[in-house]
Amino acid sequence: MATIELKNLWKEYGQEVVLERLNARVEAGEFVTIVGASGCGKTTFLKMLLGTESPSRGELLLDGKPIPAEPDETRGIVFQRYSVLPHLTAERNVMLAGELAANRFLGHAFGEQRRVLKEAARAMLEDVGLGHALDKYPHELSGGMQQRLALAQALIKKPRILLLDEPFGALDPGIRKDMHALVLKLWKEQQLTVFMITHDLDEGFYLGTRLWVFDKDRLDLQAPGAYGARITYDLPVGKDDRGTLDDIASRVDTTARALG
Amino acid sequence: MATIELKNLWKEYGQEVVLERLNARVEAGEFVTIVGASGCGKTTFLKMLLGTESPSRGELLLDGKPIPAEPDETRGIVFQRYSVLPHLTAERNVMLAGELAANRFLGHAFGEQRRVLKEAARAMLEDVGLGHALDKYPHELSGGMQQRLALAQALIKKPRILLLDEPFGALDPGIRKDMHALVLKLWKEQQLTVFMITHDLDEGFYLGTRLWVFDKDRLDLQAPGAYGARITYDLPVGKDDRGTLDDIASRVDTTARALG
Amino acid sequence: KDSFNVCWSIYVGWMPWGYGDNAGIVDKWADKYDIEINVVQINDYIESINQYTAGQYDGCVMTNMDALTIPAAGGVDSTALIVGDFSDGNDGVVLKGQSDLSAIEGQRVNLVELSVSHYMLARGLESVGMSERDITVVNTSDADLVSAFASDDITAVATWNPLLSEILKAPDSNLVFDSSQIPGEIIDLMVVNTETLEANPKLGKALTGAWYEIMAKMQGDTDDAKAVRTALAEASGTDLAGYESQLDSTRMFYAAKDAVAFVNSPELKNTMQRVAEFSFEHGLLGEGAPDADFIGVEMPAGNYGSASNTQLRFTPEYMQMAADGAL
Amino acid sequence: MKKLINRQPGTVGRWAYGLLPFVLIAIVYTMASGARLADNPNDKLLPAAATMVDSMTRMAFEPSRRTGDLLLWADTLASLERLGIGVGLAALTGLIVGIANGTIPLVRAGLSPVITGISLVPPMAILPILFIAFGLEQLAKIMLIFIGITPFLIRDLQQRTMEIPEEQIIKMQTLGANTWQIILRLVLPQIMPRLISAVRLSLGSAWLFLIAAEAIAATEGLGYRIFLVRRYLSMDVILPYVLWITLLAFLIDFALNRYSRWRYPWFHDRNQ
Amino acid sequence: MKKLINRQPGTVGRWAYGLLPFVLIAIVYTMASGARLADNPNDKLLPAAATMVDSMTRMAFEPSRRTGDLLLWADTLASLERLGIGVGLAALTGLIVGIANGTIPLVRAGLSPVITGISLVPPMAILPILFIAFGLEQLAKIMLIFIGITPFLIRDLQQRTMEIPEEQIIKMQTLGANTWQIILRLVLPQIMPRLISAVRLSLGSAWLFLIAAEAIAATEGLGYRIFLVRRYLSMDVILPYVLWITLLAFLIDFALNRYSRWRYPWFHDRNQ
């Protein structure tokens, strides 16, 4: 199980400060939802957790050690789009992680090993409600089904940390609710540590055990890049009333208008 | 001002029935919001209003005559994306309609005529809050600014009917609210007839004078294309309670799951 | 070394090499001397000489002028092993609509620049008191000359057979000068690398033996000889009549002794001098060449040019063996 | 009356419009040929259709007296073999280098500039060097095709590889893939249909290089035959050969397209 | 240690890696040339660098003995003129026909099949017909380039035109545009930067056709010179000429790219 620590974390692109002075500690098994105006650095933060971006200053620690500087199997991810491999059927997408581990050179599994992987993949796909679409290619699936598939693909590898970047942004409201239920179920079953970015404050409140709001508390309208966003709210979810929610919403909107 | 009548309107693509038995009458100046599951035919209906698709059966009448079978200046449109011309600055985008009318051959205006168009475009852009971005190209504008520009561009032509296909789907919640205010203001000022598709039931309720729900009331799970969607609710907005809203939401969700 | 490559390209006087290869005559003679000879057909004449000059082939067919300007000027010491024929009307100047060579003045003349056609044209102009300055030379690829002549843009060409006879079929064309007026100046040779030849006289013997066997087979009016000539005709893309008309304007040395006599004659020396001077004027001997006799040519009747830089040798040695029946 | 831009031809109209230009070309040819032949019955430049049919029948069905081959088929076979090997090698190289360049930044830094440089060298201008380097046999012809189209294939496939969404490469890594596995299980399969498109695009040039190579050194092949009879202006052979080459080019293109659609449905259906 | 796929070279590394292959080529050439020259000091195949510099100095700065021209510049000018006119005409035709085909369904139905057919015909194989139609002078060379690249340009621009989002065409109509205005105010400006890319793509072929045309019949030009001196294997002229052509090709490509970025920022910045 993973503990993640942010110690005075900064991220800058050239002159532009994206994130500044982030300090926090996340215990194993927490479900952190992240909201904030568009362009305020949520995805950038997730990329640092993933290892594709590195901090400009400060430290990002996993179990006390700097987090590996490239993606690996400890951290699973589901993006808003492009999250499954278009050239593989649903079943093969989910078998992939096992196949890669089975043979370091060919990345394919054979015989008995293959049968086992197949079985596990089928069970997983049943779990996310895609039992009837095993042989379909992603382009034959609707947006919601593709995101379920992405979840199944990520979770079968049993990552310690699951990163979700607006995974449901493109879905119908109803289908979204089903996905919430699915994510909560899987989170509980697999005891994951989850970071999930969302545009929808309600979603953030409903899903997480902890809600982070990224926002620029200093904002120079002439030079929006002069100051970075910080974690302006860090709320244990469930303990707050509608008032806080509305307050957060209006602050985030102000920033969004200024940036947009 | 325009009256629109739907008389037993059907739309089929080959074997697939998309819309069936639509009957309604919309008076000039109404603001119709349309909601429904993804893929149930909302955009198809808008395309028939626009003239890029023609009805398979039944009639779609504008002031008692069949609606023109190709787009023209009576009907303005704003899509979710690609709604402004990427190769023109904001100001030129808004001047375009005037320039096209000024010279049928060159599609350019000169001298005094041009000055007048320029002035009108600037006023319009001020109106939608883009007074500071006259010389920017669309790719330099944020999504919300692009959609304001698209509105300005469509409205300066003073269409009788304004068609909006999820114009705010890609925007931040806060910016969305500003756009709502803008649309309502322009609708009132110009006495438009508006049809607006949205994914967001709340938005539908808040904006329109009349809410249409497109849904398949007969649904064959083996062959989702066997029956088309109909207008299952046609509500004068404001007169309904939260119960109806939740009821609609759950029905639409059921259809969405079945289709998706 | 007992395996050799020689190349040839499509031309009336060289077609026999292809026949000798197909009919197994070359192999037969190679076997006799216990060596191996690969005969390769190359469509592009210049490319074949370039390949020879670059050392890819041990022997190659070419004209006397090209032998001087390409391999010899390139420092590849070459020996004219077999003198197969000289052009006796196979190269000519054609004008459209005019029948006198002096009418060429001021025209654009299409030809393969710096080739024997160019040389022949220069000789022709000389004969009517003009020089190259009185015309414009347009370099034109030989493969395209025939079809190009159909275009109105072309009024004058200088070329060789079979292109020449095709061009003369056009209704408006007149032959105003041809190589029969400068007999013996355009000579078709089988050239081999001198060094290779000296180290491997067997190569010279086998090639010469094969050549004169083919010559014997294709000459005369017997059905067999006709069959051979028909094969040669087809390989060059025409029919028997077409090929024979080309042969008519070619002075073939069917008998080895005629060739020996030709090589031994003092005329050859004059010819090579003229060719060398023409080549020098056109920069063909290389930019480093101080004057026309910079490259030495060795001939039985006497040498021409720099003795210290002898790069081209005419020798009757092997043909003499053939004449004597000593192969 | 709809605007021109909105008017669609019906099925019959589509065929009629589509065939019209071909019919026009045939008529213009027949008239021009007739006029020239009336002038000079021996004219070879624009032979009558019947003459061409005769010549082709001879080339296709009567064994050559010299070699005993059916020339058309022997030529076709020889040319297709060269084209096949040349394009095949180029495709393989393009695939390997393109993927390596596209995936691995260190390789790209080393190879990309030199390949850009090479791609700008016109192969026709270095023919002599090619022939010296590769001789004049089969190898030289194949190499001319190879050198002619490989730089294009490499650059195109590098581009396509770099267009694979970053997200998928990250996803592979989170599933535990190493660099080699990413190439084998993600990049290679996704690039295959793009390789086919790239090959289809480059086939036109490949034919050009083949014909050029055969004109310089060959004893059979479609380009050789055209080159050979060109000296005699035998348009009755050249024109049908050109049509035949065009037909072959069309069939190859068609077959590749069909194969790609059948083999990679996920690629084509998605791009519909 | 990061995975290979995630390792990026630094700025210095990038330059070093990029230059390495060029340096290697130069070294290999020098060694091969040295070896051949040691064998035969008159060898012409792989001349020493000094010889090439000499020859080029002569070509560039000493008037030719025969014509009095500075050959390199005369050749360059002649070739660039042909290339410019040929590519220019092809671009204009490609633009007009490509846009007409891409925008108007009725035109597309008529022209698209015949253009596909023509694009498959190898131009080199029908040279005789081109000679009859266009003669053998300047026009013929320009036409060979034109015929060689126009079908590609038309097909590419037709494709690009058809990729303009339907939404924008509808939007124009709702703003009152007729077909002509849609072409003039929407399609044409949006296709211009794509025309430049298409021209950049086709320049390689254009050079090929130019060189081929100059090899057929010419009195000056870069291709003419290369084929002329090929007669006596003057690689000391051919190699620098090839480098010079490569450099010209690079400069033209670079200039077009720069122009396009400067003139059409909305196109390039969007596609970043």
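Order of writing sets the labels: A, B, C, D and E. Residues in every chain begin at 1.
Definition applied: contacts are C-beta pairs under 8 Å (C-beta built on N, C-alpha and C of every residue); 3 or more make two chains touch, one makes a residue touch a chain.
All values derive from a computational prediction rather than experimental measurement.
The largest tally of C-beta contacts between two chains is found for D-E. Centre-to-centre separation of chain B and chain C, using mean CA positions: 82 Å. One finds 47 Å separating the Cα centroids of chain A and chain D. Once the centre of each chain is set as its mean CA position, chain D and chain E turn out to be 19 Å apart.
Among the residues of chain E, those in touch with two or more other chains are 3, 45, 127-128, 132, 173, 178, 215, 230, 233.
The set of chain C residues that touch two or more partner chains comprises 50, 54, 144, 147, 150. Multi-chain contact residues of chain A, defined as those touching 2 or more other chains: 70. Every pair of chains meeting the contact definition is listed here: A-B, A-D, A-E, B-D, B-E, C-D, C-E, D-E.
Against chain D, the residues of chain A that register as touching in their complex are 50, 52, 70-73, 75-77, 79, 81-87, 96-97, 99-101, 104-107, 137-140, 153-154, 157, 159. The touching residues of chain E, when paired with chain D in their complex, are 3-5, 7-9, 13-14, 17-22, 25, 45, 103-106, 109-114, 117, 119-129, 132, 152, 169, 173, 178-179, 182, 204-205, 207-208, 211-212, 215, 223, 226, 230, 233, 235, 238, 241-242, 245-246, 249-250, 253. Of all residues in chain C, those touching chain E in their complex are 46, 50, 53-54, 69-70, 73-76, 110, 113-115, 136-141, 144, 147-148, 150-154, 282-284, 286-287. Contacts from chain E toward chain B in the complex involve residues 165, 167-168, 170-178, 180-181, 184-186, 189-190, 264-267, 269-270. Considering their complex, residues 69-70 of chain B touch chain D.
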